[in-house]
Each structure stands twice: as C-alpha cells, then as structure tokens.
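Both complexes below contain subunit A, partnered by subunit B and then by subunit C.
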Partner chain A sequence: MTATTQHNRWVPYAFLAPFLVILVIFIAYPLYHSVVLSMKQTFGPSRSAFVGLENFRFLASDPLFWKALKNTTYFAAGSVLIQLPVSLGLALLLNRPDVRGRAVFRLIFFSPSLVGLVFVAMMFSLIFEKNTGLVNVLLHDMSPAFDPEFPWLQQYVMPTLVIAALWIYGGFNMIYFLAALQNVDKQLIEAAMVDGANAWQRFLHVTIPAIRPIATFIVLLSLIGSFQLFDLPYVLLSGAGPDNQGLTVVMYLFQMGWDQQDLGLASAIGWSLAMLLGIFALIYRWLSRASED
Partner chain B sequence: MLRKLSIYVPLLVLTLITLVPFAYLVCSAFTHGGFLHFTLPSRVMVSLVWPGTN
Partner chain C sequence: MERRRLADLLFFTGFSPGAWVVVTAAVLSTATILIWRVPQHEGLEMWTFYRVHAQMYQGVTQTWNTDPANGKPVNVFLLDGTAMRQRLMSGFLSDTPVADLIEAERNMACLAFSGPIEDVGFVDLTDRLKEEGIYDRINTPSFSPWTSRGRIFGLPHDVHPVALAYRADIVEEAGIDVNEIETWEDFVRVMKPLVKDMDGDGKPDRYPLNLWYSAIGHIEVLILQAGGGFFDDDLQPIIDSEINARVIATCVSWMVGPDRIAIDAQPFTASGNFLRIEGRVVCELMADWMAGAWKVDMPGLSGKLKLMPLPAWEKGGRRTGVMGGTMLGIAKASEDFEDAWTFAKHLYLDPKLAEQLYKSNSIISPVREFWDLPIYDEPDPYFSNQASGRIFVNMAPDVPPRTSSPFSNLAFARVQEGVIALYHYAEQNKIYDVESLMPEARRQLKIAEAHVRELMDRNVFLKEEQP
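Moving on, here comes the complex of A and B:
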C-alpha cells in the first residue's frame, strides 16, 4: 500500500470527525448521561444515589404524574380532533381558485403563528379573565343569562388551553394541508367528476387518499408538539393552575428537576415521555407503510 | 349566491376570530392596567387612555 493510498483512507474520517465530535459531545453523551441519571435519586447536581428503576416505579404509582399525563392527553386529543379538522377545512376553502383574496386570508390565518407563545399566553389570560375578559363580556352581552364571572382559568383550564392552541396553530397546520392539497392530481378529480362523483365523494375517495401521507405526518407532529406542551399553560396559569388542572408532563418534569432538585426523577419523566412519543412514531411508520401498500 | 355565502361567511367569521385577540390587545394597551401599561412611560399612557375607561 502506497503512502498516498494510506493517506486517502483517512480523508473521509477527517471530514466526518467534526460532525462525530459534535454528535458525541452534544447528543450521544447527554442522552447516555440522562439514562444513567434516570436511575439515580438526586438532590441538585452534586448529590446522587443509584436506585435502579425506582424512579420509574415511583412514577407508575404517582397520582400527580398520571394527572399530568391525563391533562396532556386531553390537550393532545383536543389538538388532533378539533385543531386539525379546522385546519383542513380552512385549507379546503382557501384552495378553491374562485375565492377572492386568498393570499390575504392565508396571511391572516397564519399570523397567530408569528406571535410568540408567551405573548399569546399573556393575551389569552386577559381575554379569559373573569368579569373584564373579552370572552365573558361578549358572551354576557349576547346572552344576559351567561355569568360574566364564568371561571375559564379557574375551572375550565384544559378547554381554555385547547382554544388558545387552536387560535395559534390552526393557521399553521392549514399551510401543511394547503401544500398537500395543491399536490392532489387534478386529473383524478376531473375523472371522478366525469364519473358522476359529488363533492363529498370526491373529497372522501380522491382528496383524502392523496393527502393521507402528509395528514398522518401532521397528526404525528401535532401529537409530539402537544405532549411537549409547557410554556402556554405555564404563563397562562402562572404555573400548574388551581388544583394542578393545567399540569402537563413537561411542566411536572420542570417542577421535579428545578423546584424539587430531583434531576433523576426529571430524567425518568423525560424518558417516559420519549418512550410514549416513540410509540406514536412507530404507529406513524406502520400507518405510512400500510398506506403505501 | 348561496354557494358564495357558504365560502365567505365561514372565512369572514374565522378572520374575525383570528383578528379580534390582536385588536383586543392593542385596545388594552391604551387603557389603565392594560398589557403595555408597565412598559410605556406614564406620561404617554395618560395621553393615550382609551375614552370611557379609568
């Protein structure tokens, strides 16, 4: 083997080295460390004791963790079952070539995504305020029987969060659906029209199968985003809200890691959430393959 | 006509729902205790107080 050939053998590794170094330092090692940490009970970063799977066992019997998971699942279900159909409906309306001012409407519906979540949370805390909040004032004006002291942020925390998220992400998801709808083969729709299919039949048998891959991807993204919910309720409710009604899994992780200083339990919560999201990703993969077949 | 209404009425209602929170925020900025009350100098706030509010 000549010196030049030997030299060339190391060139690809030299090019890969910066990426590998960054991968190991910033991704692989922190992941490994968090797995180890999830098997320790800690008090701050310096004091810890190995406890095996005790943190996971504790979580399985912890009512607060289950409450957080229930709240987060409620929010995720609201996101998928309300937000995505609204986004699809908007996209269908704005995909029609005969609608005037389509670009303006698209901009208007997308505009909430340009505002930061913290800002939106503060805005909605004003809007859902008792007595003086816009929602209660409007509903009371429209129907005097409606109680202006309706406690949105005290007793109906999760529906309020779903409404706020609908306002923020409805237009954002609409853009994905719009992109999917613009790729639907027009010849297929025309062929269905020639065959006598009405609008609903065309939507069900042509549009839906055509947009299914992107739609399942949007569902997955929406689920992952919903299960990582933190800043919206944290600012809107100044914490977990009354009786932990707005407690989410990531907020519980934050409370355990930073307020209780138990980084081990926080890591265990993080890994539990990662495993749950991993299951969703596997289901998505299975659905994608099934639709390809 | 009915077809046009079925397109534009939902669009306009949703436009209103999207824009009202922004408008509410802007209005509340010009009232005492409003959102931007603490970030604007008080002299500016006094001159910008929304009519009919204290």
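Moving on, here comes the complex of A and C:
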C-alpha cells in the first residue's frame, strides 16, 4: 500500500469528522442524557436523585398531563382536519388560471406567516377580548342577542387557538399545496377530461394521487408542529389560561422544568411526547402505504 | 498542484455570488461580535422588574455613587419580569451570572424556595435583620412572603394593604351611603341597585364589583381576608377548609345567576381599563401599588374615585387584605455582601426614599416609624382629595400574613381550577346561593389539595429536610 492510498483512506473520515463531532456533542449525548434525566428527580441541574420510572408513573396518573395531551390533540386535529383542507382549497382556487390577481391573493394569504407568532397571539388576544374585542363587538352589533361577554379566551380556548393558527398557517401550507399542484401532469388531467371525468373525479383520481407525497409531508409536519405548540397559547393566554384550557404538552414540560425546577419530570414529558409522535408517524406511514397499495 | 486546485475550487470557482454574500455576512458578524466590547459596569449590579422602581432608583444611585464612602457604586438594570425570572433561576441553579441585589416579586421569589434550604440562592438575612433591629422596625406580616422554613431571605419593600375603591360619582349619584357597608353582605345589599343596562340591549353591563374566576389573585385576597389560606405555618396544604370553601362559594354566587354583582374587567388590559373608564365597574379591590398604577394608566378617573376599607366577612372582622409584594434580596453569588447590604438598607429604610416611593408609586413603606410621615396625610386629588396614604397606613397593621410555599403558584392554579369548576356547576345546575354551593366547593378544594399534596410528596429534596 502506498502512502498516497493510505492517506486517501482517511480522507472520507476527515470530511465526516466535523459532522460526527457535532452529532455526538449536540444530538447523541443530549439524547442519552435526557433519557437518564427522565429517570431522576431534580432541583435544577445541581441536585438529582434517581427515581427509576417514577416520573413516567406519575405522568400516567397526572390529570394535568392528560389534560395537556387532550388539548394538544384537539389542536392537532384542528390543524389537520380544518387548516389543511382550507389550505388545499385556497391552493386549488389560486391555481386556476382564470382567477384574476392570483399573485396578489397568494401574497395576501401568505403574508400572515411573515408576522411573528408573538405578534399574532397578541393581536388575537385583543380580537377575542370580552366586551371590547372585535369579534364580540361585531357579533353584538349584528345581533344584539349575542352576549358581548362571550368568553372566547376563558371557555373556548382551543377553538380560538385553532382559528388563530388557521390565520397564520393557512396561507403557509397553501404555498406547499400550490407547488404540488403546479407539478401535476397536465396531460393526465387533459386525458381524464377526454375520458369524460368531471371536476370532482379529476381531483379525486388525478390530482390527489399526484400531490400525495407533498400532502403526506404537510400532514406529518402539521402534526409534529401542532404537538409542539407552545408560544401561541403562552402569549395569547399569558400562560395556560383559566382552568388550564390552553395547557399544551410542551407548555406543561416548560412549567415542570422551569417553574417546578424538576428537569427530570420535564424530560419524561419530552420523551412521552416523542414516543407519541413516533407512534403517530408509524400509524400515518402505515395508513399511507395501505392507501397507496 | 492538487492542493492549489482544491483551494481554487473552494474559494473561488466553488462559491456562487450568493454564497459569497453569506460568507461575507458571516465573517463580518463574527468579527463584530468578537470586537464589540460589552459595556462593563464597575461595582454592584441590581435588577428590578418594575419600570417605575427603576426610574426612582436611577436618581438614588446617582447620588449614592458620588460618595466614595458608600463603597462600590451601584448600577440598576430594568429587566422584563419573565426574563428576570429565568435569569434568576439560571443564576441560582446553574451559576450563570446574577446581580448582587435582586428586587423580586412574590411569585418570582417563591420559586427560589423549591429546594433544600441551603440551595436558596438568596442570602439568609434572618440574623442580620434581628441583630440590627430591623426586624422590629418593619411591619411583621410584610416578612411572611420572603420567609421559608423560618428563615428570611429578603428585605420587604412594601405592605400592600387592600382597600375598596369605588366610583364616587356613580355611587353618590345613586344616593348610596357607603357608611352603611360593614360586611360583604351589606355590600351586596347596598350596591345591588347599581347593576344597570347601559346600552339598552336588555342585559346589564354595569356591575358593582370587579371579581372573576380568571383573576385568582383577587380571590386570594378575599380568602386571606377571611382568615383562610392555602398553606399552614408548617407549609402543609390547607386548601380544603370551611373558610376557603365559603369564600369561593360566595365569590361564585356573585359571578353567576340573577343576583350577579361581579364583572370581569381584567387588570392592566386595554379592555379592562375601558370598562373602568366607561363606568361599567363600580368597585375594585385596590392595593396601594394599584392606586399608583391607575394614576398613570387612567388619569381620566381623577376625582371620580374614593377609597373605603374592604367590607369584612363578619361584623367586627378584618377590613383589609393584601395583594402582591416585592422584596430586595442579595444573591449568595455576590462578592460584595457588605456593600450590597448597606445599599439595600439605604434604599428601603431611608425616610426620604419612603416619601419618594409614596409620591411616585402611592406605595406605603413597611417601616412602622415612617407611618407618621406627613406625606401620608396629604389630600390625594385622584381619590377625591381623601388622604389615601393615611387610609392605607391605617390598614397596614391589620394585613393578613401569608406563607411562602414553593408550591404557592401550583396551589393558586389548582384553586383557580376549583373556582372555575364551581362556576360551571352553578351555571349548569342553576344553583346560586352560597349554602347550596358549599358541598361542591368543598369537593373542588379537596381535589385541588390532593393534587398539590401529591406533587409535594414527590419532592424528595423537601422530604429529606423533614424531621
């Protein structure tokens, strides 16, 4: 073996080394450490006591964790079942060549996602205020029977969050769908038209299969994003809101980690969420494959 | 030769113009960060979360820093409350830099008490306070929020007694004599006629009292006033008690049903202040610090308000409550405890600064000997020329004590859930009288206490300390 070939053998590893070092330091070790941490009770990073699976046992019987999970699932369902169909509908509409001013509408629908979440949350907190909020004042003016004290932010927290998220992300997801729709083979659509397929049949049998990979990606992304919901309710409700109606899993993690200083329990919450998302992803993948088959 | 080609590829032909822009920006920003000198302040650092305090302290420190005999100069920094809470806990738990002097609010400070007593990041001031006679000079209940397991970790900034502020223009126009009010029962009877439909839509929109389940702080004021509380002196939860249940049942009876007298005007929000200015809120629980904030936020109410003692829960009962609180603590990490302590005493125990505190914030001093200061007797135009300072001072000795459990925030949240559940129970079952609400109130508080207890029992660090 010559010196040059020996030298070349190490070259790939040398190129890989920065990535591997970063992977170990910033991903692998923190992951390992968080697993260990989830089996400890802590008071900040300096004090800890090994408690085995006690954190997970506590979570299983903790009504607040289940409430957070229920709220988060509600939001995720709202995102997937309301937000994405709306985004797809907008994309279909703005993909039509006969719609005038398409570019302007695309910009208008996309523009909310250019605004920071904190700003959006503050804006919606004013819009949904009792007595003085835009929604209640408008509805009360239109129908005096409508109660201006209608407590959106006290008793209808999750629907309010779904509406706020729809406003922010509806246009954002629309762009993904629009990109997918523009890649649908026009010849297939024309062929379907020649075969006598109506608009709905063309959408169902040509468009949907064509955009399925992007749609799968968007659904998965929305699900993961929804389960990581934190900043929107945190600012909108200045915390979890009355009766913890806006408590999400990540917010509960934050409360336990920061307010109670129990990083062990917070870590257990994080791993529970990760496992849950893993299960969702597997189920979704299985369902997608089944429908493709 | 090969090396040269590689260099060419990497640095010239390999980069697109866009990549060059990114690389240039990266190099410039890195260089800027490396070159930029963070201004270093010589001397002590003090954090506060309240803008008005910071403004007041700037002047104080300027004078203080001119005299070399005062030791190291002091630099005051204003931090957002949430940011300060995070930096405080990071400092205490992870040894990140923290100020020498920290002015902490009640909910912030009690976070520091969640672990073993030796891990509390504030210096234990108990012995100093007693040896130097400061403990005896200050209103005793004012120490309670800063005391954990018998040790005091902060110098009290205030007393924060609570009075009842009312819209004198509305009340007097209706011919109501507030002297008839001694108890909350009297209050409901006398003020009930002020419920009014102001916009003619058939529904009342003016109510006598601002109190809602979303403001658990107000309900806590009433619980403490009634002699209830969430923790006993040994920091064991006592949430499920007859007194607490009666207070929350009464509060809910005010919020719902045909005899409703309460409205939801959230504090320090545009919508809440709009309702106040519009006169849709007649009465408000008013701590001294709130009076100061109202003067800034709602100057238009000047001359329309008056103060009176809180109605008691029974005849001859306590006519005040307590709301909020701030302390000045010294971080254990401070390298200059003596200088910090000297400045802390100057800031909180100087009569001139007590006067300034009242002038700029309407906050009365917790130092008893200052209660004779003439400034407290001056007529206050905001409160229709009443001597508002004297009204608060007269209430000060009677403010209820509080405990400072690390689980206080948790208890607030759980009790609030109980109040909300009780509100829905009353609404759904159309049960509006206190006695009928009592069994459900007890049930809700029992659930709240069980949850707090469960979390407390999990805390192995606090358990280790129990004998």
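To be clear about the criterion, the second predicted complex is superposed on the first by the 284 of 293 C-alpha atoms of A that agree within 3 Å, B and C clash if a C-alpha of one lies under 4 Å from a C-alpha of the other, contacts with A are read in each partner's own complex, and residues count from 1 in each chain.
Here, a residue touches a chain if its C-beta (ideal position, glycine included) is under 8 Å from a C-beta of that chain, and two chains touch if they have at least 3 such contacts.
All figures in this text were calculated on a predicted structure; none of them were measured in a lab.
Participant: Per the contact definition in the header, classify A:Phe56: touching subunit B only (first), subunit C only (second), both, or neither.
Facilitator: After superposition on chain A, A:Phe56 lies in contact with neither partner.
Participant: In the overlay, answer first, second, both or neither for which of subunit B and subunit C A:Arg47 touches.
Facilitator: second
Participant: Which of the two partners, first being subunit B and second being subunit C, lies in contact with A:Leu93: first, second, both, or neither?
Facilitator: After superposition on chain A, A:Leu93 lies in contact with subunit B alone.
Participant: Check the residue A:Asp243 against both partner chains and state whether it touches subunit B (first), subunit C (second), both, or neither.
Facilitator: second
Participant: Identify the partner contact of A:Leu134: answer first if only subunit B is touched, second if only subunit C is, both if each is, neither if none is.
Facilitator: The first partner, subunit B, only.
Participant: Please indicate which partner A:Gly171 is in contact with in the superposed arrangement: first for subunit B, second for subunit C, both, or neither.
Facilitator: A:Gly171 sits against subunit B, while subunit C stays out of touch.
Participant: Residues of subunit A touched: more by subunit B or subunit C?
Facilitator: If we count touched residues of subunit A for both partners, the winner is C.
Participant: Figure out whether A:Phe109 sits in contact with subunit B (first) or subunit C (second), or with both, or with neither.
Facilitator: In the superposition, A:Phe109 touches subunit B alone.
Participant: I'd like to know which partner A:Tyr74 touches here: subunit B for first, subunit C for second, both or neither.
Facilitator: In the superposition, A:Tyr74 contacts neither subunit B nor subunit C.
Participant: Using the touch definition from the top, say if A:Leu126 reaches subunit B (first), subunit C (second), both or neither.
Facilitator: In the superposition, A:Leu126 touches subunit B and subunit C alike.
Participant: Indicate the residue numbers of subunit A shared between its subunit B interface and its subunit C interface, in ascending order.
Facilitator: Comparing the two interfaces on subunit A, one with subunit B and one with subunit C, the shared residues are 126.
Participant: So in the complex, the part of subunit C that touches subunit A is made up of which residues?
Facilitator: Those residues of subunit C that touch subunit A are 86, 89, 92-94, 111, 114-116, 119, 201-203, 205, 213-214, 264, 269-271, 274-275, 280, 409-410, 413, 416-417, 420-421, 451, 455, 458-461.
Participant: What does subunit A use to touch subunit B in their complex?
Facilitator: Interface residues on subunit A, with respect to subunit B: 89-90, 93-94, 96, 98-99, 105, 108-109, 111-112, 122-124, 126-127, 134, 167, 171.
Participant: Flag every residue of subunit A that touches subunit C in the complex, lowest number first.
Facilitator: 41, 43-47, 49, 51, 54, 58, 63-64, 126, 129-133, 140, 144, 147-149, 151, 154, 240, 242-244, 258-261
Participant: For subunit B, which residues count as touching subunit A in their complex?
Facilitator: 7-8, 10-11, 14-15, 17-22, 24-25, 28, 35
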